[in-house]
């Protein structure tokens, strides 16, 4: 099996052999929910950080007992996976107060998902400033203590530095992948690329880096995709499934970049530890200051710039910003961004959806029309 | 001694006449046009069936969201209480009542004396209601009654993402267009409705001895789905039409009031 | 008669001011000759011309409600302080003071001490929705027409819409505590961006411990520095002390009232709860103090006479509101009392824990520390911004302390954090106190979501089971 | 050359046949269970009316909700582009199109060539769509097209509190039972419809030259209150039936594509039985 094939099958938990392997060796897997979870620390402590996803979750019946129809289907699907045993393999779970719906899951999960013995919540301030950083830093320090105590692992400065290197390496490789996608004739479709990207957060990183490096070789050797009608960037609410991207590409678009939390926002800045600097602090600094999530206040301009930058660099014809119904953060963000970008000549389709795409017909119509709109320029 | 109970629901009006022991006559009428007329006709039907005249019946109870359209004097009772009282009267072991009606679903937990402990009613949206089944049946060109008899194991059912009465319909149509067999779609519809009801039941919690009432309780497909998910039996009251329970309760409550004076 | 501004950007506040005076006027009339108050025209005739337009906007039931004997006294206090506040605000604006729109979990003593004209953003929607037939729907529709989603909180949507419409003054800045919710954070960010003014964020930490309190106190200091820059002046200690004393008095009355509500029969009527929130957002103003004082005296009097607020001979059903009240139909609470004998003991939105301590005004440090502590205790902030245990414990304490028969949990559509927790809350309360809960969907300030008549039907069904 | 546009919506299906840039005939039918049925029937009807057969068609473009299921169409285009194109052809001054379809309400902006430059659609709810009016008409016991007439001269239109299309029906049922005059209810319904659509319209920002298309455009009461709410006059589509604008647009695209394929020297265009490209 080629590296690409191996990475592409990963997103399905059942097919993810690394989970079994890792557990088989008696090692721990700890889940996490959002951008501000310091993966490097997990890894340095010999723990495999697994980003919670709900790929292909079709029902939310179990979750709806606790959550409500006014909660977004992303959080409900994640909870559904937890309640239905999809995450029984987790030894622990690190929550963050990322948004209203996810932060509350800490409580519900604790009460009703018995398989997870260890839970921790890292709290992140809602704006970016030095005193806020001090708070977050302390949270990270405390988490590191708690995590290592709980799993009785030691964690040296060396471990951290090594872990940081591994993660920086992935960032370099992912950047390279995004570079390739910028070509006029991208050697890889958005859907395929997305699968490779998703794989990063659901398998051990060393192995991932090795596979991705190999995959990149293969991709570079391909000849590019020519017959597309429009280059498209996607952004907005969490997306952990390629279904939407497949729809876009089945309608003649090609997704060449994104501003997704699980996508490009993952690897913008490298963690740099100054000589005899504290690696923990460096980690905290990178997560806190880099690339704000829409939950962060007074950061709209920087998010807007980032969105425009990504769009320009990949020379897109249009941007599709999706908002999951009842996702306040992204719903407002999408509308505000659209108002900024349209006048700058970047067409935006702001598309409401559910996490598990229902009523695909209507979604297709909107996307098709949008592609018809932008492909004529 | 006769007692009359009338339950003016969202889609149908149910009337029963209760003798000393059991129901002696009943009627179920669709709510078309003027509700006051609907009620009148329905009531006239049952009294003549029972061979009495409305004047002879001095105890009359009314309930349902259209209760205000009952044109004669009667004692008003909340639908939740009516359901609890009636189910307890027929089947005292009941601890949980699930009423799936035209527009809304209620889950009621009752104690050993038929008193309501706690309940939840479905939230204001026509999804997951009898109305949804009605539209779905239309889209499949089936009778609602037949829709319920279609039961097939999971894995083979078509998946229904939405229960919005309107978009649900279009999802059904796109299933049809994708060449999905009507049976599988129908089973998918029953299942998705059943699972949303099961969710409501779980939401209330502390469930045992479930009795299902209301028009949708006639849909075996939905009931099987609920059982499949809850892993426990859901029974219906053999001695009375599922739809009449509310009306019966209204009669019983009126009777109680009279006895209490 | 007072001079009413006809400036467009004072549309809303002037409307309140007039309504306040109007209510006072009516309440001071002898209307005994008008047997049935449904005859709105009859009263319309005795009204001075300048009241009539406003009068036609007001919910008829609301006037029916305040004309009931048990409500008159506090209704006057409410009306009076609303109109005084409006008058005061307009004076401030005339003196060229800068408008700060603040979130309702802030106590505004520092803003007052820095000579700002503070307006609580959420109250703009809440009070308007409470007083008028069309509620704050015009504002809500305006912001939704801009493409912003309907699942945002109506308390923010209404006010944001009024900004768009130009019905309220242009802001100098927005002041936003980061907790409890994303919805409000996003709307404030939108507004600050749209009107190109600073958004001052006060980070409310996730914990309820000393570490959090220290941080929050520091945050308040930082907030003051930012505010000083905008105000172009330094914060004066004595001025701050003056306003904090006012808010201390108010909070003291508030706490006393909460305590008195434990009496059986309950001496306090339900429509006060939404009204309270209007004034907890004004703590530091004399108007808040005067309102709560009047409320206290009214309630105390009933306690001394051993009176309740429900009709003679009715059995008292003691309700606690699990989460929020609704604002769009205040008479609804009156209806609950009269029809079902159901009284509104407490809720977790206006609930100040009994141990709420007074702010120590010894020096700047103690005052800021006190402001920090109070902000953590502010209604809703306290329960919602942290882990659920605080909230659950409040539920349990309330259920016990107020001898509650049932919890009516009216879930506000926009409160995603509540919906994520609703089952856990009712389960815990049931488990710990055995109190049953009624949960239903509504929108606190948009009656188009769950209409008053629906609300009443829900209640009728509920009490039928008692 | 004969070009056909076929629009299969969720409520009705339309076919338009054009020749030399002029409409030959058009047909409208209620949808059948399967879109290909609807397409086949409505197109057949149109052809018969025009005394033609399928073999006469040079190029056919399908659009609407069932567009991808039409076997005899060479390609499909979204109804959004088609409505823009059709309306602008019917009246060159058109720059904004409000189309109210069965379960979608759309507002479409076009450039001076009739190409869509922006659009919005109702998202998670069917409120403010043809369904809404249809349901309401049913409850009032009138035909959809009579709803407008019924509402004329209403003294005090009712206000509908529910947004859910289904729940509103029951709200109306109860209004009827409370003896509220049907005229006022009908007027309230049309008003509610107009307000829901106008929310959408305000979102894209309306430009001069606004046309209204789709079946609902025939409800003059909705149109009237919509133009009141938006504060503008709609431009006329002349002879063109507002309900066929989507199909018309499709036919125009068919012409354009056929001609493009000539230039490419591609397939000779008697194309009905050719396999469909992906547009």
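We just call them A, B, C and D in the order they show up, numbering each chain from 1.
Note that a residue touches a chain if its C-beta (ideal position, glycine included) is under 8 Å from a C-beta of that chain, and two chains touch if they have at least 3 such contacts.
Just so you know, these numbers come straight off a predicted model, no measurement behind them.
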- Message: What are the mutual neighbours of chain C and chain D in this structure?
- Response: A, B
- Query: Compared with chain D, which chain's mean CA position is the farthest off?
  - Reply: C
- Message: If you tally contacting C-beta pairs for every chain pair, which pair wins?
- Response: A-C
- Task: Compute the distance, rounded to whole Å, between the mean C-alpha positions of chain A and chain D.
- Result: 40
- Length of the line joining the C-alpha centres of chain A and chain B, rounded to whole Å: 45
- Note on the structure: The positions of chain D in contact with two or more other chains are 65
- Task: Hunt down the residues of chain C that sit against at least two other chains at once, touch-wise.
- Result: 146-147, 423, 441
- Query: Out of chain B, which residues touch more than one other chain, so two or more?
  - Reply: 123-125, 167, 170, 203
- Report the topology of the inter-chain touch graph, choosing from line, ring, star, complete and other. complete
- Complex interface listing, chain D residues touching chain A: 65, 77-81, 104, 115-119, 121, 123-124, 278-279
- Item | Residues of chain B defined as touching chain A within the complex | 123, 125, 159, 161-162, 167, 170-171, 174, 195-196, 198-199, 202-203, 229
- Please name which positions on chain C make contact with chain D in the complex. 141, 144-147, 447-448, 451
- Note on the structure: Seen from chain A, its contact residues with chain B in the complex are 58-59, 61-62, 64-65, 69, 354, 356-362
- For the chain B and chain C complex, residues of the former touching the latter: 65, 77-81, 84, 115-121, 123-124, 203, 205
